[in-house]
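Following this line, the structures themselves.
One chain, chain A, appears in both complexes that follow, with chain B as partner in the first and chain C in the second.
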Partner chain A sequence: MSIGRYERMLARRELRRSRSVAVSVALALLALGAVYVGIEGVLAAVQRPALLVAPADAPRAWSAGEPLVLGVAGGALLLGVALVIAALTPGRRARHRVQDERSVILVDDEVLAAAVSRHVSRATGVAPGQVSTALGRRAAEVTVHPTSGHPLDPVRIEELAEAYVAAIHPVPAVRTRTRVSRRGVVAT
Partner chain B sequence: MTRSNRTLNRMLLALVGVFFLGLAAVLAWPWAAESLPVLPPAPRLALDSVALWVTSGVALAIVVLALTWILSRGRGGTRTALTVGDVSVATAAVEHTVRDELADVPSVLAVAAGAHRLRGRTALEVTISTRRSADLPALLERVRSAVRALDTALGAEVPLVVRITTGWRSGLAHVQRAE
Partner chain C sequence: MSERIPGRVSVQTRALHRVFAAVAAEQLGSPATAVSARVADDAGRLGVTVEGPAARRSDSPSLVRLGELARDAVSEKGGRIAGVVVGRVSVRITDAAVHTGRVS
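Right, the complex of A and B next:
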């Protein structure tokens, strides 16, 4: 048994960033452009000098490929590419869902990585500052800097980290990799 | 969390993006046709007063639609977690229940609850701020039992999201060393 459809939708919404702000910014830029076009139209209608290009001169400026027209084209190109990229990329947040039958439980990657580091440091007796964990969506890499003169067993650390992550049960599963640094740290 | 439709957001974003790309292509057409003979030459255009009015009308419509969209964002938040008949339960009550359940867990710094309407249902969100190096499996066990206690108190299983984060306060709180 796992969570229902509605809960899976909630989880998806929480694991991915909303594009709501991006849409608002894009629409605001579009509206600004439209306001500019409107202002030039009104200025021409009441026969006042144009801000940049009068509507009557616009076709000629366009045909001639004036720098102003090309500059606007370049800006629109960059903006368009940025918006299409924002629309298509998943925009993942640094969080993991944890297996649960009742509710959507989400753990920030910061908390998850710190917990793994803490567990490895406690279990091996290495100082907390000598263990660090880098967490991706489906993999975690634990790096241990051993204290000089106290060799560590990489296999045992691997087992420790793997069992700990398995007990937390992230969905999708997270593989662990451990690395024992060649250079030791002088004990304090 | 808001109730905005995520797919609609992305479709609109793609649409505006494609519009800007099209605008760039049209603006650069005469210049590009000069250096690239493959492209058909740009037509000679003239703006008469009808074209000017149409352009202004379209510009006004774009401004109105864009502002309507921007100003209608971010609704759907509610303080009512659950309504049964005439009785409604505030999110504050949910917050107190979970906070009491987790009161003796040393790694928990703060508990906050909120609710919002999404597709005809109310979704609860409980945020638990912890110390950075909390004992996670033990904490998760306590969170699960707190949720069970909440279900018993409410008498119903409300759609629930639990977030375990480190708040700004956890930066100030020192790491717990005592076993």
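Right, the complex of A and C next:
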């Protein structure tokens, strides 16, 4: 049995950043713009002086290149580009899904990296502070600083880290790479 | 195969200093308290520096040879006792007490 469509959707929601903030900001700005246009329209209708630019003068102000109009147009362009980027990029969070047949399990990358470091530390007898793991979406890099006088076998560490990550079965799959530092740490 | 016991064993630098100083002192013929040792990293191995006086009898090898013997002892015996792989070993003989063997 594998997880269904609904569970996959749930996982997807948690693995990607919500666009609600960007949408809220865009809508609030749109509402402010509409209110302003409304106010200018009413002021023009009752023949009162405009707040900034009267609707009838707007085309002339644009073609004349008035700084205020150009500034507003530039701001709108930048905001538009930012919103398009926010909409098109995947907006992934630093999390991985752990393969499980019954549940949706999501693990923060920090937690996963710490677990790999702890496992390598325990299995090799190196102090926990001497092992660090940098975890990306598809790769994990484990760095081990050996204790001076206690050489480590890089191949064994590679196997340890690889087997541990394989057992967790993160989705998307994570390739491990280990590095044993040339410099050791004197008796911790 | 016995089950692996959780936890880890660590040897503090102070203990390492004592071991290497004692091993070097044995070769130099000096009391262990007169010999000092320092450890540092040597590309993943343990670098050791020992410093102390040598006591030389008339039938003893030269001071340089005593230093070499102390260096070998630090590397092999000291490494074995401490359970570490020793890299670079420096021995500095700071003083010499020469016994001629004559009794007055």
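Quick note on the criterion: the second predicted complex is superposed on the first by the 186 of 188 C-alpha atoms of A that agree within 3 Å, B and C clash if a C-alpha of one lies under 4 Å from a C-alpha of the other, contacts with A are read in each partner's own complex, and residues count from 1 in each chain.
Here is the rule we use: a contact is a pair of C-beta atoms (placed from the backbone, for glycine too) under 8 Å apart; a residue touches a chain by one contact, two chains touch by 3 or more.
The structure presented is a predicted model; accordingly, all values stated were derived computationally and were not measured.
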* Clash-or-fit label for the pair chain B, chain C on chain A -> fit
* To do: State whether A:P146 touches chain B only (first), chain C only (second), both chains, or neither.
  => second
* To do: Examine A:A82 and indicate which partner it touches, taking first as chain B and second as chain C; both and neither are also allowed.
  => first
* Asked: Which chain makes contact with more of the residues of chain A, chain B or else chain C?
  -> B
* To do: Give one of first, second, both or neither to describe whether A:A31 is in contact with chain B, with chain C, with both, or with none.
  => first
* From the CA centre of chain A, what is the angle out to the CA centres of chain B and chain C, nearest 10°? -> 130
* Asked: After lining up the shared chain so the two structures overlap, which partner does A:P49 touch, if you call chain B first and chain C second: first, second, both or neither?
  -> neither
* **Which superposed partner A:V186 touches (first chain B, second chain C, both, neither)** => second
* Asked: Does the superposition put A:V23 against chain B (first), chain C (second), both, or neither?
  -> first
* To do: Name the contact category of A:P172: first (chain B only), second (chain C only), both, or neither.
  => neither
* To do: Please provide the least distance in Å between a C-alpha atom of chain B and a C-alpha atom of chain C in the combined superposition.
  => 5
* Overlap the chain B and chain C contact sets on chain A and report the shared residues. => none
* To do: Would you tell me which residues of chain A are touching chain C in their complex?
  => 122, 125, 127, 146-151, 180-188
* To do: Name, in rising order, each residue of chain A that touches chain B in their complex.
  => 6-7, 9-14, 16, 18-20, 22-24, 26-28, 30-31, 34-35, 37-38, 41-42, 44-45, 55-56, 58-59, 62-65, 69-70, 72-77, 79-84, 86-88, 95, 98, 100, 102-108, 110-112, 114-115, 117-119, 128, 164, 167-168
* Taking the complex as given, what residues does chain C use to touch chain A? -> 6, 8-13, 16, 39-47, 79, 82, 84-87
* To do: Spell out the residues on chain B that touch chain A in their complex, using ranges where they run on.
  => 1-2, 4, 6, 9-14, 16-25, 27-28, 30-31, 34, 42, 44-47, 52, 55-56, 58-60, 62-63, 65-67, 69-70, 73-74, 118-119, 121, 123, 130, 132-137, 140, 143-144, 147-148, 151, 157, 159-166, 175
